[in-house]
């Protein structure tokens, strides 16, 4: 047990950065709008992980409270985003993000 | 959790992506438990895995994905997107390699069995204003989503 | 051998749950016991449901399989295990396979925090009630997946309706639960608790079950939760999504054999889980009736006799029915079987009279008795009420139960504040 790796804050931060990166790749490269929205949720989760890891490091609970607020906001944003998606889908019959180009000149 | 994340962004079938995201969220909840944050873990399970993902699954079923499953997966800007993401990854690696020694060796251990009470004290004391604003935001989001998804206003 | 006995007895007299004591072996033993108890309870529920529904409809129910149909659930289980496992051709294999798994996992994981006694839970999490509500909302995911993966119309519609109903009534359930948790904070230190064991201890400290507190607010909150929990588990009268005459069987139409029995197992386990939430929050958990009012050694001893007396009563019913069995040679095996069952029940009753066992099992007995009462109510509702139409169901969830829940919450908070204020004035 002595040679076991201590899980320091840095490990959590690296994990958060990896998730953030995966989310960014998902947002930038996927074609299906629903998967883009899910990648945004991944990004928000990575941020939450960072917040709670820092809250543990400093001993106060402010990070956890802020993480709760972030989760609440993620719920609101997912609801509105999916509402927009449904309204768009009703008009154009596709969930392809390349075809969201009504404002293109 | 990383495997879940990778599966989210690479699956062609949107329902498989949603399932992978659920796995990632539940793994995140267990990470919160490791970080001595049981209340945030509970909130994560109820809200994210039990609420938001149900919403996502509903919408995936309403929006028929038969056509989109036969199309290509990656959009037309995937080259630029990948380059930008790789640049961001490089930035992260540089920052963490440089700042590796600013974190203390052993993390403090926080007492766990009064976590909910302490979070509540902070939430209703210092962050009361943010709490009220968050509830207002949720109200606006509910009204917005209903208006957006209605057939006729 | 001596160390083993010492280890066992040193644990049995400790005052912490296995999770709090960090003892993995006993936690495992408790998990196995809970799992076993749950399986026995589900089997018993199957038999009881058919018999009680039958007697409510003035008929007899299963009588042939064992004596008075006692072996019927076992016959059902064997039949389900031997059935062919069909998967629809166009169905999504992985999701089809995962859906019953998720529902069963969610239904069984809830029992980690259910308190059968002050130290008789597998673990006592700080966020006990939050964990239970959260994990039981994961079963909605499994239902949605089941409906989608079957790739046919009826399961999809059934799954969407069923999950919409479950999500709507979760909100009302949550509000009722919050108003009960509010009542736990009316103690000396002014802080409440979310842990299940803490909630029952708060009821003990405040001297009344929360259903009677701030009358009628506790009662209304209990009523809201009782209605919402029936809707949450998709049981009658809210079972539109799985009723046979409506949508062929809703989201589990395409499942056969063992997979269907997993859904069925998960449904009964979820029923027992939400009943145990209701018992813990409002009916005093493992406390015997009148724990503070009728206290003292004699009353304790009288109430200690209850478990043994109950089992002896069941044994007496068995023997009475044995005597009433038809005296035909073909019925000999059944008569012997029933008499044997009666003897087993009688032995359990006699064991429960033995003081060390009785002291330890007292809490478990009262908890199980209250949950059994709730199970009887479930079966009663199924036999009595007509089914709700889906739009009536959603209307009731959002337009009736939600405002009632909000009202009860605000009123409870107001009355609690008033009580604290008056206490401060009078004791100054």
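Lettered A, B and C in written order, each chain numbered from 1.
Everything that follows uses one rule, which is that a contact is a pair of C-beta atoms (placed from the backbone, for glycine too) under 8 Å apart; a residue touches a chain by one contact, two chains touch by 3 or more.
Predicted model, so just to flag it, every value in this text is computed and none were measured.
Chain C has its Cα centroid nearest to the centroid of all protein Cα atoms in the structure. Ranked by C-beta contact pairs, the top interface belongs to chains A-B. With centres set at the average Cα position, the gap from subunit A to subunit C is 37 Å.
The centroid of the Cα atoms in subunit A and the matching centroid in subunit B are 4 Å apart.
One simple way to say how far apart two chains are is to compare their mean CA positions; for subunit B and subunit C this gives 32 Å.
For subunit B, residues that reach two or more other chains under the stated contact definition are 39, 43, 51, 115. Those residues of subunit B lying in contact with subunit A across their complex are 1-2, 5-6, 8-9, 11, 14, 17-18, 21, 24-25, 28, 31-32, 34-37, 39-40, 43-44, 47-48, 51-52, 55-56, 59-60, 62-63, 65, 67-68, 71-78, 80-82, 84-85, 88-89, 92, 96, 100, 103-108, 110, 115, 118-119, 122-123, 127, 130, 134, 137-138, 140-142, 144-149, 151. Of all residues in subunit A, only 6-10, 12-15, 17-26, 28-32, 34-35, 37-39, 41-42, 45, 48-49, 52-53, 55-59, 61-62, 64-65, 67-69, 71-80, 82-87, 89-90, 94-98 touch subunit B in the complex they form. Residues 13, 15-16, 19, 22, 38-39, 41-43, 45-46, 49-51, 53-54, 57-58, 61, 112-117 of subunit B are the ones touching subunit C in the complex.
Residues 92, 94-95, 98, 125-127, 130-131, 133-135, 137-138, 140-141, 144-145, 148, 156, 160, 163, 167, 170, 191-194 of subunit C are the ones that touch subunit B when the two sit in their complex.
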